[in-house]
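There are two complexes below, and they share chain A, which is joined by chain B in the first and by chain C in the second.
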Partner chain A sequence: MTALRRPYIFWLALFAVTWALSRWSFPLYKALDARWIIKFPKAWELPLEGWISAAMAWLVESATFGLFTFRDLTRFISALIEAPYDLVRNLLVDGFQTGLGQNAVEVAPSLSWIAVIAVVGALAYYAKDWKLAVLVGACFLYLAIFGQWESAMVTLASVLISVPMGAVGGLALGILSYRYQWFERALRPMLDLMQTVPVFAYLVPILFLFGFGPVSALVATIIYAMPPMVRITTVALQTVPPEVHDVGKMTGCTRRQMMWKVLVPVATPTLMVGVNQVIMLSLNMVIIASMIGAGGLGFDVLGALRRLDIGAGVEAGLAIVVMAVALDRLSQAFAVRERGHAITGGFVKRHPWGVTVVLVIVGTFLAGQFLPALQTYPDGATVTTSRFWSGAIEWINVNFFDTFEAIKVFFLNWLMLPVKRFFGGIPWPWGVVALGLIGWRLGGWRLGLLCAVMTLFIAASGLWPKAMVTVYLCGVSVLIASVIGIPLGVLAAQNERAGGIIGGFIDTLQTLPSFVYLIPVVMLFRVGDFSAMIAVVLYALAPAVRYAAHGIRSIDPGMIEAGKVSGCTRRQLLWRIKLPLAAPSLLLGLNQTIMLALSMLVITALVGTRDLGQEVYIALTKANTGQGIIAGLSVAFIAIIADRIVTALARKSKERLGLEA
Partner chain B sequence: MTNPRPVKLDCRNVWKLYGTGADRLLQDHVAPTLDDMREAGLIGAVRDASVQIHEGEIFVIMGLSGSGKSTLVRCLSRLIEPTAGEVNFEGRNLLTVPEKDLIEIRRKKMGMVFQQFALLPHLTVLQNAAFPLDVQGVDRATREARAREVVELVGLKGREDYYPRELSGGQQQRVGIARSLAVEPDLWFLDEPFSALDPLIRREMQDEFLRLQALLHKTIVFITHDFDEAIRLADRIAVMKDGEIVQTATPEELVLNPATDYVGEFTKHIPRAKVLRLSSIMSPGDAESVAGQLPGTARVEDVADQIEAADLPFRVIDGAGEAIGTVDGRAVIDVLIGRSHG
Partner chain C sequence: MTKTLMMSAALATAMAGGAFAQAESQDPIKLTTHDWTGQLVTTRIMGEVLADAGYNVEYVQADYIAQFAGLKTGDLHVAMEIWETTGREAMDEATATGNVVNMGETGMEAIEEWWYPAYMEDKCPGLPDWKALNDCAAEFATPETAPLGRYLGGPVTWGGFDDERVEALEMDFEVVHAGTDAALFAELESAYQRQAPIVLWVYAPHWAPSKFDGKFVEFPPYSPECYNDPSVGMNPNAAYDCGKPTGPIWKVAWSGVAEKWPGAAKAIEGFNISNDDMGQLVANVDLNGMSVEDAVAEWLAANESSWKGWTQ
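And now, the complex of A and B:
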């Protein structure tokens, strides 16, 4: 009996001490006259920030590799990226010109809007069917009609450049880490870190290296979108069935033939899933990166948010949504495309779509010379919904202001502020000790040490208070996301119809770039912690739902039958059998929810939170590399601590259920 | 029984142990027993296997699931490295040839058919069949012409442009066979090629296989866990159990003289008429009046009706047409009803 209760005593005691210290840290400091209790002493702070900034400055200004300087290297990379980017941008937006500035003469116009729609439509038909062609075509038509064409094409140009680079780069790294164990071992921690460091954080050094402009944005996008491709490539190659390897060997493939003629083609369907991810992440990042000069739809949204121009913000936001949906469906269709058997015949017969598209491009180009409306969608015919949205939001705000305000105040007073006070009050030395203890308890002394050291790093960087704000916002958001998401997931797993609807809803939520979530919440709740929380909840909801549904669905039906036979009611079945058995899966979902919440939190710095995200954001506006990297690392450390702790919990619960040795 | 044909593939004392420390165990013990291995925490997938495969014969390796058949054949083709032993192919030790030569040998001299078909999903039937030639750098026209030949040979003419997923299991395996034949291999490995097929198709494929072999005369290593299949196809059979080869013999010898109870257990329920040939049931000497003459290699099953219906015995002759004995209806009936004779 005592053995059973001892774990609870540990957790209770830990919580009690933490609560007491948090509650009375201030009087304690007064009583002992020890200010270090609540504030990490300035004198002990690590001067890392200065070092990093100095190192970056040295890199850019004087580092040299002998034959060429570091500067030359970044210039070279810039040129490598800029040339194709300019080409695509000219093709889609600007048209081709000779000469500069005033003397510029247009040589050829950009692709007409009709031609672009024809191209995407044909691609969709080629990938799947008429329906998809109509959907994708309609999405792009929407962009034209609602006056978002130019911005959308700028965004598309960035995506079109970063996707091939990210996909090919990811493929190459993935192949290398498949081939060479040491490479994979070296790469994995870097990938882990890249996925936990918030996106803003690496905007800072990139900005420093490449300057303000599209190149920086593209570099950041490529770096951001590559890691999943690397992982998927490695996994895809590893899961090629062994017989296929045997076929390659027995037909006498050399290693290169084995890779390019056998493994990569066989793994292609999985690789395409990776490409889909690269596309969606690129779109997400291109929009965030509009802050460092990518332009396009993200820039429009950001500008509108700053001006509090509700209508324009919603309009641009919707355009992002439409584009995300179109690109997602299109790339998914390519991922599952099945080839029918080959068509034989003449060139036109074999490539009916290629030919049609070329005809449309040439046709609209020629006709566009006489009929400008065919070249550029006429401004006069655009429809603006801006006023409608402004009106609608205003109407909501006028009529429901009190309701919204009441909800907001309720949440703030009863949940958010108490939690904030609790975390904010924890003295940093106890934070280090407590996390060390938690880690030790769940995963042994190594984990304890890791947690303690990472926490100490955050404190020693002078970021303790902001980190606690991050923890509090993340905690509250994850809690609410779980409270909403887990029941939804359970419902989806138990009821097929509900499952279909919820699945579709969640899929759509996940394709939306994180930026989009900010728009409605800011419109309805204005800036502040509450808005940030809602945006984070929306963004982080998906994994909670997905993993809950997956956990319930993958329970051994035998267990459920056993429960039924022993006379469980439906409710008992759920609470006594399904949920306990799904616990490991729920914990995995929790883990993912935390990761997404943290990454979104940094973006919500744009709507005025005072956490680590804000620190990164400030660093970005001041182009202070050291500050940005330290704050970014702090967020990453919080993510890593949370990840390791939840993983340890999941492992324990699996062991308890005997699901894994 | 001596086999006049030269040895194509000679495998001597091949071991394959899984687990860490496999090499050490084999250094310490000349012939470790199962207990030794269990103690060392190793799995003996193949233990001390020796087989000689002669040119032009169908050599079947037979055994239950997990007995090490695939492991052995993968050692023979060096898809995996044996822990110890020697595999000589046309006089060269495959285990020591450099990578480059091994690739060359596989490209020109070996073909393999896999249990799970292992077709490349992104290639059409024709491209799959042409794949080994593609790897060798043969130009497109030549390799497609050759691929068309083999696709036709396996009876898939008209489906050249299909993708594997558009074919049934039996058709897919035909493609697998076509692919392995495209390079005209001397040595043909088939690892349970028909196990994934349902019984009717399996039988059809076995007939197909025999028809092809009658045309092509390859040296064949054929793996199966189905004894019926083994006796239908084999010139000789090696029976494996727990990684060991317990007996290597012709189907007839296996049935008549099983080396162990284990082999006996396998052969017990096999209708003898399917296996036995006249030469093993005939009475020695010659008879004066006979109903006719039959070759000693004829299976009892195939000639039973004929012998049983005649009043007089039949003369049994060897390949040169010399009389080697006689056989009558009674001997045939003994075999058919399982009465032990002699």
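And now, the complex of A and C:
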């Protein structure tokens, strides 16, 4: 009995001390005359910000390798990326020209819209079947009909460049870390940072190094989208069955043959999952990339919302969703594609699709010379629902604003403000100690030390108050996202039809750029923490739902049978058997929800919050490299602490359930 | 066939740069574009005028402040709108390096001030005077700010000293900062649809003052002394006890522009347009749904005498 109770005493005591200190930190500071309790002394602050900015200036302006400067090197890299990008872009949108600016003479037009649709349709058929070809073709047709074609092709061009680069780069790094233990150990913290440092934080240095225009946007996209590919590659190679290794050895493979002829082909289906992730993340970056010159659909969304043309913003946003759907299904189909038997016969017989596509391309090119509508989708035939969206928002605004206001005030008074006060009051020295204790309790002294040091870094950068606002906003949002998401996930797992609807809803929410709903949310809830919270909840809902559904679905049916046999009601079945068994999965979902919430907080700075996200955004608008990187690292550290703690919790709960040793 | 075509196109592009290198270079002049309509219009007008004079023009999308890094190195060449009110600091820093030069005023005046919709005059008689506004601060209160009125300020990065102003003038308002100007005007649109009370930061030239009927609040007039010297103004102990300064919108360019394209540099310096013309152009695009290209073409056709003069 006592053994069971002791952990609770620890957590209760920790909470009580934290609460007391948070409540009375101010009187304490007055009583002891120790201002350092509530505010980190300026004199002790690390001058890191200045150092980083100075280092950056040095890199850009004077670093040299003797024969060429560092800047020459990065500009050379940009040129390497720009050449294929220009080629693809010319092929899809601009057409091929000679000469510069308006002196240019068109040599050949870009691919016609019909040709592009034919290509993607053929790819889909090649990967799977007719149904997929129709779906993908319809998605692209949507882009043409809704007048998004040109922007969509610009976006597609950047995806077509960033995805192969991210995938190949990720594959190479993944193989290296599979081969060399030390490389993996060195790479892992880098990957953690790449995934958790908000993109805004490193946009400025990238602009300085790679110049203005689409290349910088591509580089940022690749950095953001590559880490999952690296991780998946390593895991995929590690999980190749040992028998396959043995076969490779028996047939006398060299190391290189072993890798490229045996391991990589066997791991291909898993690797394709990684490629799929790279595609989805690249599309997530579309809006942010357009802030630094990528153009395309992201720019349309931003521009439309700046003139409050909500309808146009929604349409461009949905175009991104549609493109994501098409590319997602296509890449998934490639991941599970079964190789058919080789067809024998003449060239045309062996490549019916290749030949058809070439015929369509050439045909529309020739016909396009006489019938422009075949080359470029006619403007007159486009459809817009813009008015409908703007009208809908106005109607809701006029009729339901007071209801929304009442809900908002309730949440603010009973949930958000008390939590804000609690976190805001915690003195930084106690914060360092408390996180150290939590880490130690859950994962041993190493984790404790890691948590304490990272927390100290945040305090020592003078960002403690903003970090606490971040924790508060993120905490409240994660709580609400879990309260909504877990029941939805449970429902989705138990009822197939509900599962289908919820799945579609969640997919849309995740690929729809958050900017699209950020502005209507502001119209209905005003600038403030509540609007930010809603945007974060909408974005971070997905993993809570998915992992809950996954956890429930993957429960051993024997367990449920056992429950039924021993006479559980449906309710008991859920609460006593399903949920406890799904706990590790729920915790993983929690982990992902926290990560997404943190990444979204940076976007909500665009609404107006006073957290680390705002700090990162200010640094971006002032082009201050040091400030951006320090604030970005602070966000990353919060994410890493949360990740490690939740992972430790998940491990403990697995041990308790005896699922894994 | 397509492949050879592409190859020859790539080759031709690579060679064209060298072939035209004359006194006035045929290299494209890179004008930066940002994400607000007024700036797109200004830049497009400049671009069309330069193109008319035979220069090669390219539009490059860049961030408002971050672009200075590109202007310093010559990656970018011309930025058409640097607002005295929001861009002065970055502009001074850049021109101090000698690599960026100020190309003079655009002719447009930036106005930034507290602004209210016209229907508030019924609820709050005495507007636009700031004292009258202060007397009915309660009308502007929301549950979060009550009993104080709520004033929606611009993003913190815009500066503007609104927190200081409220303090110095002892106004019963709380300043809430929007994160971006999209958020700022989203609130205005929402309040206007409901005819609800609002007072917020609006700037001109912008589409909002033409779309929505309303006025700027009248504060004690701005003077540099008022901002720097606490004793000046109605509050003897505080600075910022007055309205905001208005100021020109500047053009800047990479210092190499004048050497490489002397004629173009002259045209850029000559560029001039009025607030009213710009307000009309912006309204045509944002409110009447014209494309930037069409609106600019219409203006160029109607004002040929004025822009022909810039290149002389």
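Definition applied: the second predicted complex is superposed on the first by the 593 of 661 C-alpha atoms of A that agree within 3 Å, B and C clash if a C-alpha of one lies under 4 Å from a C-alpha of the other, contacts with A are read in each partner's own complex, and residues count from 1 in each chain.
Operating definition for what follows: a residue touches a chain if its C-beta (ideal position, glycine included) is under 8 Å from a C-beta of that chain, and two chains touch if they have at least 3 such contacts.
This structure is a prediction, so every number in the text was calculated from the model and none was measured.
Look at A:V266: by the touch rule set out above, it reaches chain B but stays clear of chain C.
Once the two complexes are laid over each other on the shared chain, residue contacts for A:G363 go to neither chain B nor chain C.
In the superposed model, A:D246 makes contact with chain B only, not with chain C. When both complexes are overlaid on chain A, the residue A:V522 reaches chain C alone and has no touch with chain B. After overlaying the two complexes on the shared chain, residue contacts for A:P580 are found with neither chain B nor chain C. Looking at the shared chain after the overlay, A:M291 reaches chain C, while chain B stays out of its contact range. Of the two partner chains placed by superposition, A:P465 touches none, neither chain B nor chain C. Once chain A of one complex is fitted onto chain A of the other, the partner contacts of A:T254 are limited to chain B, with no touch recorded for chain C.
Between chain B and chain C, C contacts the larger number of chain A residues.
Residues of chain A that lie in the contact sets of both chain B and chain C are absent, per the superposition on chain A.
Chain A makes touch with chain C in their complex at residues 60, 87, 90-91, 96-103, 107-108, 203-204, 207-208, 211-213, 290-293, 295, 299, 302-303, 305-309, 361, 394, 397-398, 401, 405, 409, 412, 518-520, 522-524, 526-528, 604-609, 614, 617-618, 620-623.
Within the complex, the chain B residues that touch chain A are 74, 77, 79, 103-108, 110-112, 114-118, 120-124, 131-132, 134-136, 161-163, 165-166, 179-180, 183, 189. Contacts from chain A toward chain B in the complex involve residues 241, 243-244, 246-247, 249-254, 257, 261-262, 265-266, 268, 338-342, 344. For chain C in complex with chain A, the residues that touch the partner chain are 2, 5-6, 8-10, 12-13, 16-17, 20, 26-28, 32, 35-37, 51, 55-58, 60-70, 75-76, 90, 142-144, 152, 155-157, 176-187, 189-190, 193-194, 196, 207, 286.
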